[in-house]
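For clarity, chains are labelled A, B, C and D in written order, and residue numbers in each chain start from 1.
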Amino acid sequence: MGLIHAEEMTLNIGPQHPSTHGVLRLKVKTDGEIISEITPVIGYLHRCFEKHCENLSYEQVIPFTDRCDYIAAMNNSFGYVLAVEKLMEIQVPERVEYIRVIMAEYNRIASHLLALGTFGLDVGAYTPFLYMFRDRERILDLFELTCGARLLYNYMWIGGVSHDLPVGFMEASYRFLDEFEKNITEYHNILSYNKIFIERSADVGTMPKEVAIDYGVTGPNLRGSGVKWDLRKDEPYSIYDKFIFNVPVGKGLMGSVGDCWDRYWVRAEEMKESVNIIRQALDKMPRKGDVHEALPKKVRPLKGSIYYRTESPRGDLGYYIISDGSSTPLRVKMRSPAFTALSALSEIATGWMLSDVLVILGSLDIVLGEIDR
Amino acid sequence: MYRDFGTIFLFIIIGAVLLIAALLLAKILSPARPSKNKLSTYECGEEVEGSSWVQFNIRYYVIALIFIIFDVEVLFLFPWAVVYKDLGWLAFIEMTIFLLILIVGLIYVWKKGDLDWVKYKVKYGQGRYQKLTKEKA
Amino acid sequence: MGFLENRFEDNIITAKVDQLLSWARSTSAWYFQFGLACCAIEMMATAASRHDLERIGMMPRSSPRQADVMIVAGTVTLKMASRVKLLYDQMADPKYVISMGSCANSGGPYSRQGYHVLKGVDQIIPVDVYIPGCPPRPESLIEGLLKLQEKIRHERPLTKNK
Amino acid sequence: MIINQKVSDLIELNFTGVVIVSEEPQNEFIQIQSEKWLDVAKYIKTDSELKFDSCQCITGVDLGEDKDFEVRYNFHSMKLKHKIEIRIAIERKKPSVSSIEQVWRGADWLEREVYDMYGIRFKGHRDLRRMLLPEDWKGWPLRKDYKTPNIYNGMKVPKVRKGWD
């Protein structure tokens, strides 16, 4: 049978596809059902973020950082704001630090809920998506309570936050957190230990530790491969050193270390850790304090540059800001974690079947707004 | 006897009518504005590269052949099963011989590995895909 | 043109048949899953459990052949524009377009320095309903869809020159 | 930061005359020349004391209309948990620097994006194409002297002035 030569067919899992999580195109060479070569083509959502940063002042850039990673907008602007404050050596009051950590962690839970829900969709389970969006809506209500917006908040300002916490926020949070803890175990029962889900995602698309580090993959994808690296723990920024939480690392419970199931499991466990952080933050938060206290009159950092990293739900979100003393930055470069995660896709997904490749893509949890910037 | 044929004929008529009605209704009512772009093949918004008339892997042909063989085998079993009661032991022995021959064929095909539908070429396979990992080039 | 389309005079019978046809089309307008950016997440949230889109008869379809409404949810960049045009052409008639979010309406926040952003999707495809907002709230998206359904309901597919 | 001083001394030890002492003390970085950059890169990845195994971020910078370009690399070591920043100045007429794509696989896409935005050619890069913009896009957008094109494939690019302002 070796004489008969089988050609390969080139397919486009193109910009418009239900499971590419946005406008990503995968040029795929298939031999029957097996993928022999994948080249991701991106740029369909390149919205010139860095060009905007060179023409807008520092505080005008904040809404654009929200729109880069639109699923975790709080974490994005949190990273940018911290970078500029470090550049200007602004010391933010205690209460603002706590509010920012609470908002960032809530946004992490909301982003992970969306990631797990759509990953369930990729594997073919429709109902967990609806369960998880029901809880995500509850978190969006809390955001709406504080800053009026559901998805893109422009909440983090340089030196403070836009609104103080409203009156009913604390009780609503406690009520939500108690119910949400029970829901996480419910999600584990529906999806994580579901036989078909394990069959489809365990041992599939394993990413060894060396490949992950070499490609610069960070965040839950890296922790899924067994590397214990979390910026909140290893390079504590803001007030993360005041909280006690552990960092879940992939242990290969259902398959090998670093497979799709592990990345999914790490995200599910991280949600529990975020709930702990929020609880501790809500207890220890100083009740009084004006949030607009440290707002600078003119945002005009002195000449210099800084590379500041924070832990976004997708990984190491880095901002490289160069200021030339004027009120508009000379250059802002956003190091996007999903960008490097996607660059590892062609390495770990060759040789799998077409349907497995989409499961691997879903487990990497990429957002195209952040990749194309 | 003839009444039965009548009902079958009636079924055929109703089936045909329903089928044609469904197709015609759609053809009549829907606005048809064919254009070159509309008739081009849909590939997620991209122009199509290459063609789908490629030489497929041979294993699909072999699998199809094996399926047809065992499908026809079941075909022979149906009439036999209907009149099985009044044929007695002789028919039973004949049928078991027939089945045995085919089972030998199945074992041969299974051992030869033609039933392996999928030939993975995984780069970092672990766990159940361990043996499929390509030798580290 | 279709066999029966725009063929009859305007009288009581064709008016009633038109009403029936348009009503049937309006209550089952399947939308074409075409999420580009942040508005796609709001579209997903609208289609999910709290604000359900299926109760107004709109089911997500991922192929242009089976969809009636194309919701352009997000920023249309210049690289994506030719694909949007091709996908719109590949949709089956009768087809409608909803431009969701200020990025699709007019380039939105990216209209000044966005060298790679198309300033409004109506430069390449005809748009039926514009929904303002960045991203529009699920309620405003549903209001836009209801306005589109109202527009479909008043169409007259069978009568001449209407 | 002590690590920064140790790294520049080690590089100075192995590759004499590469490190340029720069006047900007505020941040920890090492300015080096671009000639022997590939060997320095291999050295800092494999050296037992440094082990920078993860290339975090590559940033292209256009310092001004007539000034030079600059490429800034941020490296990080997962094992020894320290990080440094290396800067390389590139002259504006024929911008090119040797590519470190074979050393860190993550640098492949980052370099292609810097090429796409600034036109800095990375010598030795196996597949240097535009990363984000379409292939037939003319010009390098993030350069300070970049003019937005008026028409691209028949679509008006700049905002239509009439009626919108």
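The definition used in the following text is that contacts are C-beta pairs under 8 Å (C-beta built on N, C-alpha and C of every residue); 3 or more make two chains touch, one makes a residue touch a chain.
Source: prediction; values computed, not measured.
Interface comparison, B-C against A-B: more C-beta pairs in contact at A-B.
Subunit B and subunit C have centres, each the mean of its CA atoms, that are 39 Å apart.
Centroids of subunit C and subunit D (each the mean of its C-alpha atoms) stand 43 Å apart.
Inter-chain centre distance (subunit A to subunit D, centres taken as mean C-alpha positions): 25 Å. Within subunit D, the positions touching two or more other chains are listed as 133-134, 141. Counting partner chains per residue, subunit B shows two or more touched chains at residues 45-46.
For subunit A, residues touching at least two other chains, in rising order: 14-17, 43, 46, 48, 51, 211, 347, 372. The full set of touching chain pairs reads A-B, A-C, A-D, B-C, C-D.
The residues of subunit D lying in touch with subunit A in their complex are 24, 26-27, 53-57, 59-63, 72, 74, 78, 81, 85, 104-110, 117, 130-134, 141-142. Looking at the complex, you find that subunit C touches subunit D at residues 78-79, 81-82, 106-107, 111-112, 115-116, 118-119, 123-124. Partner subunit B is touched in their complex by these residues of subunit C: 1-5, 21, 63-65, 83-84, 86-87, 89-94, 157. Every residue of subunit A that touches subunit C in the complex is listed here, in rising order: 14-18, 22-23, 43-48, 51-52, 55, 63-64, 67, 70-71, 114, 129-131, 133-134, 136-137, 140, 150-152, 368-369, 372. Remark: subunit D residues 133-134, 141, 146, 148-149, 152-153, 155-160, 164 touch subunit C in the complex.
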